[in-house]
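Here chain A shows up in two complexes: once beside chain B, once beside chain C.
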Partner chain A sequence: MSVENEGEVEAGFRSPYVESPVIMATVRVLSPFVFTFGLYVMFHGADSPGGGFQGGVIVGTVILLLGIAFGIETTRNWMGPEVPVALVSVGVLAFLLAGMGSVLLGGAFLEYSAYGAHHASRYGIEFVELSIGFIVSGVVAGLFFVIDSGQREGA
Partner chain B sequence: MALREIAVLLFATGGSFFALSAAVGLVRLPDLYTRAHSASKGDTLGGLLTLTAVAIAFGGGLSTFKTFLLIVFMFLTNPTAVHAIVRAAHDQGIEPWTAEEEP
Partner chain C sequence: MSDLPPMLVALPILGAVATMLVGLVRSETGWPVAVLTSVLQVGAAGVLARGALRHGPVRYAVGGFAAPYGIELVVDGLSATMALLVASVALGVLAYARKAGPRSNPFYATYLLLVGGLTGISVTGDVFNMYVFLEISGLATYALVASGDRGESALAALKYLLVGTFGASLFLLGIGYAYVATGTLNMADLSAQLAEAGHTTPLVVAAFSLMVVGLFVKVAVFPLHAWQPTAYAGAPDTVSGLISALVSTVAAYALIRIVFTVFTVDFLHANPSAWRVLVAGSVASIVTGSLLAVSQSEIKRMLAYSSVSQFGLIVGAVAVANVTALTGAAIHLVGHAVMKGGLFLTTGTVAGETGARTVDDYGGLAKRFPAGSGVFGILAFALVGVPPAVGFVGKLYIVLGAIEAGAWLLASVIVGSTLLTLAYVARLVERMFFWEPEGEGRGDGGDGAKSASVLDEATGGEPGGASRGMKAAVLAAAVVAVVLGAAAFGYGQLIEPTILRLVS
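For the complex of A and B:
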């Protein structure tokens, strides 16, 4: 594969990829909508179709879109390798916190009514869906970058 | 028949026609570029017309608005996705089919 660097936004990244203005413009317009839709799907897991897994995949797709539009290596350098790991860790910790908190308050695991808040079950489910969304989006983005780097090293 | 039913019928028939011609193009055309050409245009227009029929059939309200949003995003993403695929194919050095060689 020939290496062309004339389209690179930032020099110094070894990438055969040349950006297309069409894809970049479309991704710029679409990313906020896709991100918002992902959050919408996450929050509606409690009472309608949707949930943390689907919404997390949609939010992770935003990172895939950025990678396809601006070059995967550029996106990885912009985001930093620790962001997917941090997303997964924060999601798991939040889930455990929500689950164990009710145990500490004298309920069962994930028994939201133990918190005693208004609509505790509803907000509890939304909180857990959000943390599942964190985990799934982190895993999707991380797998995307890992697959890309493996492909480049194995070529 | 009411005017709305006629409009729905017209749009749905048109959408089905374009989707069908996209499928025929996908089977009959010789290489990736011509197939992408047929699939992108035919599918975009087919989906667009069919969703317009759906929007009219809903007859106003939130469902029509959601269908309208679907139309807008489909109109934006479908051609861009095909553009990205064809670009990637060109970057990989896939030669377009020409009339000299038989497929």
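For the complex of A and C:
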């Protein structure tokens, strides 16, 4: 990831971003673990405390960490501005398809046993939790970027 | 077709996602996707309504989890009516929105999300599920109100957000109390368990009060109405038309559902004070809403206060709690949605054509924009309750119901409210048809140019003319308001079994 920030030093606007090797190194080490922990929490929605909402927030904080360490605008460009929208859309779509798929297979809406897989209910719920995680992490990242751009305009 | 109830909720949400995804590839695709979704939605809601009105309620256990534990969707005649109303109004407003904007893809995605949320409130049979959908439609509405590019829109949305969230929180708290008292969230199960827990126990009464006051905020019953005129006046015209027609209407449906399906008429009989709260809210709304409407100078604000008064009628029907009054409430909910949505859209069309936005601007409007004035006049008199329009039938049923129940105070207030409605409508109609246009001849003088530029600022769209879609939507509203008046008695008979089930 590029570290210099052309966008941040526009005339008259002093970015709150401070380039610090300590923060960058810490975030670099921490991010994969936070990300994995987020996934872990997401997968525990079915039979223990956890789930898509909490896990999604944790995954979303990875983006926040990267933003704080490497500059928000840089992170946004690196991720691509469409990614949060795509994450949210894909998440909702996956949830809906899980519901409609069981109808197509002759069950009720969201009736996982219609899929006929081993432990269908459990894996079905985990799949739905995962899609909720997509949505939540996309929303968290998107809101973070939007708030930042609002601050930029206000400055 | 037995899987229609969940599909009715899933379809608009799917449409919202499709709008976003297609929008990533190509911009300017929001409108066609939204129209396609709405057409399918109207079809699905129509099929469902036909089934529910003819053969009684449709029950659906989501995910195959049986009723008291899983989430149940219940579509009876009233829910189906609401779902169909939401779908049809959304489609009609889309015709208006094509030119009037806001035109971005996120706008259409939020629009469809609102449709999904409102449909969800209508078809759910679970109180917590209802809260979730109430929040979905609330959040979508805040975003839609804020979609205007004026500072006023943002401020109105913020005010609405704060008050609306407060109302939803009270509702949630009420659900919590009811859950503590009974341990269930399913509406049908709750009504049995609440009776068992005792209708006069403080816990149950607290649950009722919190839920009803929370919904009062959402319906905009006086004195909890303050968010509503700001939101309706601050939102872009398209959004005002949509939310004035649907959001409070579906909240009022939720009120009927909570009071009669969850708490039942026996609860009202056991707690005269609960009944008194409903009567007080109704009378205060009717009287104050009308008086405030008379004193407004901006058309959209006047219409917004008129909604406060009209929803007072609905709350009054809930307080009366007999078959006739509730049939009237169902008819008036539909009728008011068509009339008020139509009036807001007409206001937008008139502003697009002539730049007129205040009561004074409307002086001599009939000479400048005869068609618009005509439609406005028809819808306004329908709202007063002039036969044969639908406004008359709804009010007639409610008044008859009140007399039947011996609630003379309510009956006289409702009849009196018609006179008050006439006061603000007549004031406007007189200006439109019998006043000479002020100053300039045909609205093209200095003043006209000024108001056009004000409009440009206000709507963010190009001034100088309303589109064909805008005019068609407005005309359709006026025609439907009159035609529904003829159909309303038939509908009243059709929905009677549903209402009987509600109050028994």
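Worth a mention:
The definition used in the following text is that the second predicted complex is superposed on the first by the 139 of 155 C-alpha atoms of A that agree within 3 Å, B and C clash if a C-alpha of one lies under 4 Å from a C-alpha of the other, contacts with A are read in each partner's own complex, and residues count from 1 in each chain.
Going forward, contacts are C-beta pairs under 8 Å (C-beta built on N, C-alpha and C of every residue); 3 or more make two chains touch, one makes a residue touch a chain.
None of the values given here were measured: they were computed from a predicted structure.
With chain A as the common reference, the superposed partners chain B and chain C fit together side by side. Of the two partner chains, chain B is the only one touched by A:V22; chain C is not. Put chain B and chain C next to each other and count what each touches on chain A; the higher total goes to C.
In the superposition on chain A, no contact is made by A:V146 with either chain B or chain C. By the touch criterion defined above, A:L30 lies against chain B but remains apart from chain C after alignment on the C-alpha atoms of chain A. When the shared chain is aligned, no partner comes close enough to touch A:A117: not chain B, not chain C.
Look at A:F109: by the touch rule set out above, it reaches chain C but stays clear of chain B.
On the chain A superposition, the C-alpha centres give an angle at chain A of 110° between chain B and chain C, rounded to a multiple of 10. In the superposition on chain A, A:I68 makes contact with chain B only, not with chain C.
Once both complexes are placed on a shared chain A, the shortest Cα to Cα gap between chain B and chain C comes to 28 Å. Remark: chain B residues 73, 76-77, 80, 83-84, 87, 91-93 touch chain A in the complex. The part of chain C that touches chain A in the complex is made up of residues 3, 6-7, 10, 13-14, 16-17, 20-21, 24, 60-64. Those residues of chain A that touch chain B in the complex are listed here as 1, 16-18, 20, 22-23, 26, 29-30, 33, 68.
Interface residues of chain A, counted against chain C in their complex, comprise 82, 85-86, 88-89, 92-93, 96, 99-100, 103, 107-113.
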